[in-house]
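Consider the two complexes below, in which subunit A is the common component and subunit B and subunit C are the respective partners.
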Partner chain A sequence: MLRNKVGLLRHRSISIRSISTRSLDKCSREKPIPGLFSVQGWQNGCFDRADYYSAQLTSTIKGNEVLQNKSLEELIYECGMSSSKRNIGNYASLLYNLDFAVSSLKGCQMDLPENKPTRDVLLENPDLSLNFNNEPNVTGNTQLQDAIETSFGSMVQFRTLLLNSNLSISGDGFTWLVARIYKPKIQSMSTQVTGEIKFDELFVFNTYNAGSPFTMNKSNIMNNLEKEYKRLENERNSKEDETVTPSKSNTNNNNTPSSYYNEILSYDEVKNIAINDTTYVPLFAIDASPKMWLHDYGVFGKKEYLNRIWNSIDWNVVENRLPQKYEFKYN
Partner chain B sequence: MLRSIIRKRSIHTVPKLPNVDVLAKKGIPPVLSNKGFNTVWTEYQTYLCDKLTMATAGTSLESYYPFHIVLNTAKKSFQSHIFNLASATHNNHLFIENILPMETHTKTGGVIENKLSELFLDRIERSFGKKWEELKEDIINDVDNKLLGQGWFCLVENAQKQLQILYLQNNGTPYYFPRNQLFDMNSIINIDEFSYLKQIKELVNNKDEKIKDWTLPIIMVNLWDYAYLEDYGVAKRKEYMRNVLNNLNWNVINKRLYN
Partner chain C sequence: MKIQANAVNVLERTSNYLNSGVIKTPPAWFNVVAKNPPRKKFTREPKFNNPVTGESRIKSLRFKDKVNNKGLYKTRANSQDKVVTTNSLYKPSKLVYLEDQLRQLFYEQHPWERSRPKILIENSNLSGQNYDWSKIQQLGKQLDGESVIQRSLYLLQNKESDSLMSAYDQARFEFYRIRMEQEIKEQVSVEEAEMFGSVMGPSAIDFGIEKEQKVISQWKKKVIKETEVLSARRANPSESWSAEEVATKESGTTEEGDGKDEIEELLL
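Up next, the complex of A and B:
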């Protein structure tokens, strides 16, 4: 028992030393975000997970000094695109996402629900009110309010999209608000200083499990896998030809569709052209994992959790992450 | 005719378990506390059934059992939301059945032992080349690596009567292999996984040949947060897995095996 405890302590000190999380390190375990978590829910949703992810991450990069000295972002960029290092990339990404999601929550003035929601909430009519307690305007973040209204049409549309996107994740995942930055446009068309980071529009999207907004563009990897697969298949086929198998007609058939498709750009190629030079700056994220809400809100409580998340957003933090607006809009 | 219309099934309800009152009070020791049992069965199964009813009411699927909805929607990507609910409903029922505490006393006063059948042990050794105890240890150590997010562990028997291990991501189903959801597509897959998916794609796209999958689940373990978070906490899914595998209801499982 005692040995177990010592083991745990040692783990934690290692994880603090080698993997630091920007916001969670500043939070206190005894002081959960008000109106959102109980002490136990806070411990489950954030600290137990952060400890677990950093312990896993520490063990995957054990003995590799180069990787140990890198930040979480660098680990995601460098390991999140390689199948052999995916464990490192995944745990780094989970830790980063969790920390990022917590970092822009300040809490709200509601009491925690006394009774957890029951099955009746599934049949409730949606709330049609058009004013929400917590909007960027209220806290003086007009720049952010403008950006949201131009990108999504209105605050109501944005809130509906954001919360429903998260509600539709049934397993683990995060819903992100991001600003799109398109590099070539900035370089070529900006009349002001080049190299400045500017965004043209805001977007909401989901990532699942350990997905990360930094490693969205995987079309290169899929193309490489496709090539590798073809190479292996050809090798197999040529071996079969050397022996007795008369399966030539078969291989010919396989080749026809791909050459036919080659005349039109494949979906992946188009995607590659469209997003290769585009990056997304995360402004804000909501954690969808039941680990976050199951303890305080129960099986039927995700909606209630999301309503409170909305009321708990610290718009100051979100606006500080907003790059400058780029006047030209491309579609 | 009239009778069959009246009997038409249109609302999904939580199946009644034997001794459910006792289970709600005592849980399933030592695997689940009463709170844990209520979360994963009473509440979560109610949630799934209600959602499934809402998703299928008024459609041609409304008179189907979850199992048939799974088979019917597995091939239709536009009905994924229904597939997910039906698959979870069915899987969770399989799970709770194979961890129910076993009735050890018969009505006539005899004693039934909760024991693995010789057939099962033999099948395990022939399929995996190792003993059940060794295999169990492997599974427990594997669990965190195989499933980063939510999902199910499933020991299945295929058409050749061989046993296999599947880790179903999120709400995959063991009954139809293109919908096993064996890989986490959110992280980078390797060339073996890619080849596997590619071959499945070719099989699915081949209109001349109908895919036949006679795989049947033997052991199902719920690895979603609803099952273990309450009693074990975030970092101890492994311990939960050990507890489940050590306290299975063999009476149920032995019967699932082909003989």
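Up next, the complex of A and C:
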């Protein structure tokens, strides 16, 4: 279900010698994002990690021609769900996330903090301002502004949700802004024909450690395993029944609820549709890893870091990733 | 009867006894009572001004300069107006605190704040800690309605806000921001724990839905059976009152009874 979308994200192939990361490759190690990182912080937060992840990834896919020719997204999608290839999926996901988070940052006008925030920050009064310097409207991205306002109510609500979600992550992780896309069967006929990708709403959510927005079904993995187990067990039972009394298995089939009144769905079925039949396109991500902010902002500086991240978002990049809006019509 | 004031003279008497040498050492309470001598004025005095608000309690009779409903001006006091009541001058005035009004307003606007668990001694400040309300969050005190009230009073007293309502609003908005942060923190920590392998029990809503689903599936079975019976009857109406039908009906009613019992069991 993701493959349609991979086209959006441009293909990159990985060779053994160098794993190309789109935006990190463009960045210079000596020129950190202004207003956000010092040279050392930039090195610690991005390049040391990227180097490590790509080295690990290269060593894990060594000698596997098929995997080496795949893009990071494909690696995440194919290996992230499998337990035996999990380390490949994890390193690919970490590298992709880091690269993706950096790609939408342009920097801000502020100077780096001279003194790192102290523990007084813990009891500080919250900022009550309702307008912010860096909003999509200011940079002329009205389409994005509209999408955010219809999905979250207002810019303030969105900012509060986004930054608080990131602030709450205690270890490594990313906060994502994603656009939700239903499977084509729920979309209109015209979408199916042209193969356009349209979204209906934006969401904010977190992934932890090497989690990826492309393997959303991971959250449901225990349910899926249980379902698979039950299916196998049922098959085995029905086979046994058939060998002993073929008539009994027929009556069993008749009693399953799905044979009657299909429009009344059970709770589990509804849950399944809600989780499995939707996909999410990431628009931008914020890295919550202490490796990113600890050097420049100190132990109590995550809030300050997030404020600056907000001021540094390049809304043009984010809007370019936004699919077309899906106009739902009640026919 | 004369006011019995002997008991309150205990300090003077003891002092005299000490002077004259009737008793040698002052009793243990002597210094304490000397520092806080008992009240000796027993006459009730009228208070013409309300000590809380400073307003006069004396109501002077003033007629309105308007025509009353009979089309006349009232110029003289009637018998009711002439009755002199002095009760109100002797009554203790009600204690009115601004905090109480703010508390009432806050909890009317946020009824669910009452459902949060609260430590009863929280407001009495038994820990001896002096809270600094220049910030709404305190070490050793959870954020709740009381924080909003104390913070808005602080803002008002220190002239950081020009009116009570703007102070209250500012405190309230600060409170909202922190509450939002806390709520997301709770959600994220549950989510994080789940991602790292914790298995939580079913939530109250899940539990309710499961129970409901059981009853619904029972109901569904019953309904399907009944519709089958109905459609069979429609297909062959001439046989509907035959002896066979009566027999099946009886069995049907017993089955129904079983179903009810089951549902009751589930509900229990």
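The definition used in the following text is that the second predicted complex is superposed on the first by the 247 of 331 C-alpha atoms of A that agree within 3 Å, B and C clash if a C-alpha of one lies under 4 Å from a C-alpha of the other, contacts with A are read in each partner's own complex, and residues count from 1 in each chain.
Here is the rule we use: a contact is a pair of C-beta atoms (placed from the backbone, for glycine too) under 8 Å apart; a residue touches a chain by one contact, two chains touch by 3 or more.
Bear in mind the structure is a predicted one, so any value in this text is a computation, not a measurement.
K.L.:
Once chain A of both complexes is superposed, is A:Lys70 in touch with subunit B (first), subunit C (second), both, or neither?
P.N.:
In the superposition, A:Lys70 touches no partner, neither subunit B nor subunit C.
K.L.:
Determine, for the superposed model, which of the two partners subunit B and subunit C contacts more residues of subunit A.
P.N.:
Greater contact footprint in residues on subunit A: B.
K.L.:
Classify the contacts of A:Arg159 with the two partner chains as first (subunit B alone), second (subunit C alone), both, or neither.
P.N.:
neither
K.L.:
Answer with first, second, both or neither: which of subunit B and subunit C does A:Gly211 touch in the superposed model?
P.N.:
both
K.L.:
Looking at the overlay, what does A:Ser170 touch: subunit B (first), subunit C (second), both, or neither?
P.N.:
Both partners.
K.L.:
By the touch definition at the top of the document, which applies to A:Gly80: first (subunit B), second (subunit C), both, or neither?
P.N.:
In the superposition, A:Gly80 contacts subunit B only.
K.L.:
If you stack the two complexes on chain A, which partner ends up touching A:Glu124: first (subunit B), second (subunit C), both, or neither?
P.N.:
Only subunit C; A:Glu124 stays clear of subunit B.
K.L.:
Of the two partner chains, subunit B (first) and subunit C (second), which one does A:Arg180 touch, if any: first, second, both, or neither?
P.N.:
neither
K.L.:
Once the complexes are superposed, what residues of subunit A are shared between the subunit B interface and the subunit C interface?
P.N.:
In subunit A, positions 122, 170-171, 173, 208-209, 211 sit in both the subunit B and subunit C interfaces.
K.L.:
Can you list the subunit A residues touching subunit B in their complex?
P.N.:
44, 48-49, 51-52, 55-56, 80-84, 86-87, 89-90, 94, 119, 122, 170-173, 207-211, 218, 221, 225-226, 228-229, 232, 289-291, 294-295, 298-300
K.L.:
Inside the complex, what are the residues of subunit C that reach subunit A?
P.N.:
Touching subunit A: residues 135-139, 170, 173-174, 177-178, 180-181, 184-185, 187-189, 191-192, 194-196, 209-210, 213, 217, 220, 224 of subunit C.
K.L.:
Which residues of subunit A touch subunit C in their complex?
P.N.:
Within the complex, subunit A touches subunit C at residues 122-128, 160-161, 164-165, 167-171, 173, 206, 208-209, 211, 219, 257, 260-261, 264, 266-267.
K.L.:
So in the complex, the part of subunit B that touches subunit A is made up of which residues?
P.N.:
39, 43-44, 46-47, 50-51, 54, 84, 144-145, 148-151, 169-171, 184, 186-191, 193-195, 198, 224-226, 229-230, 233-235
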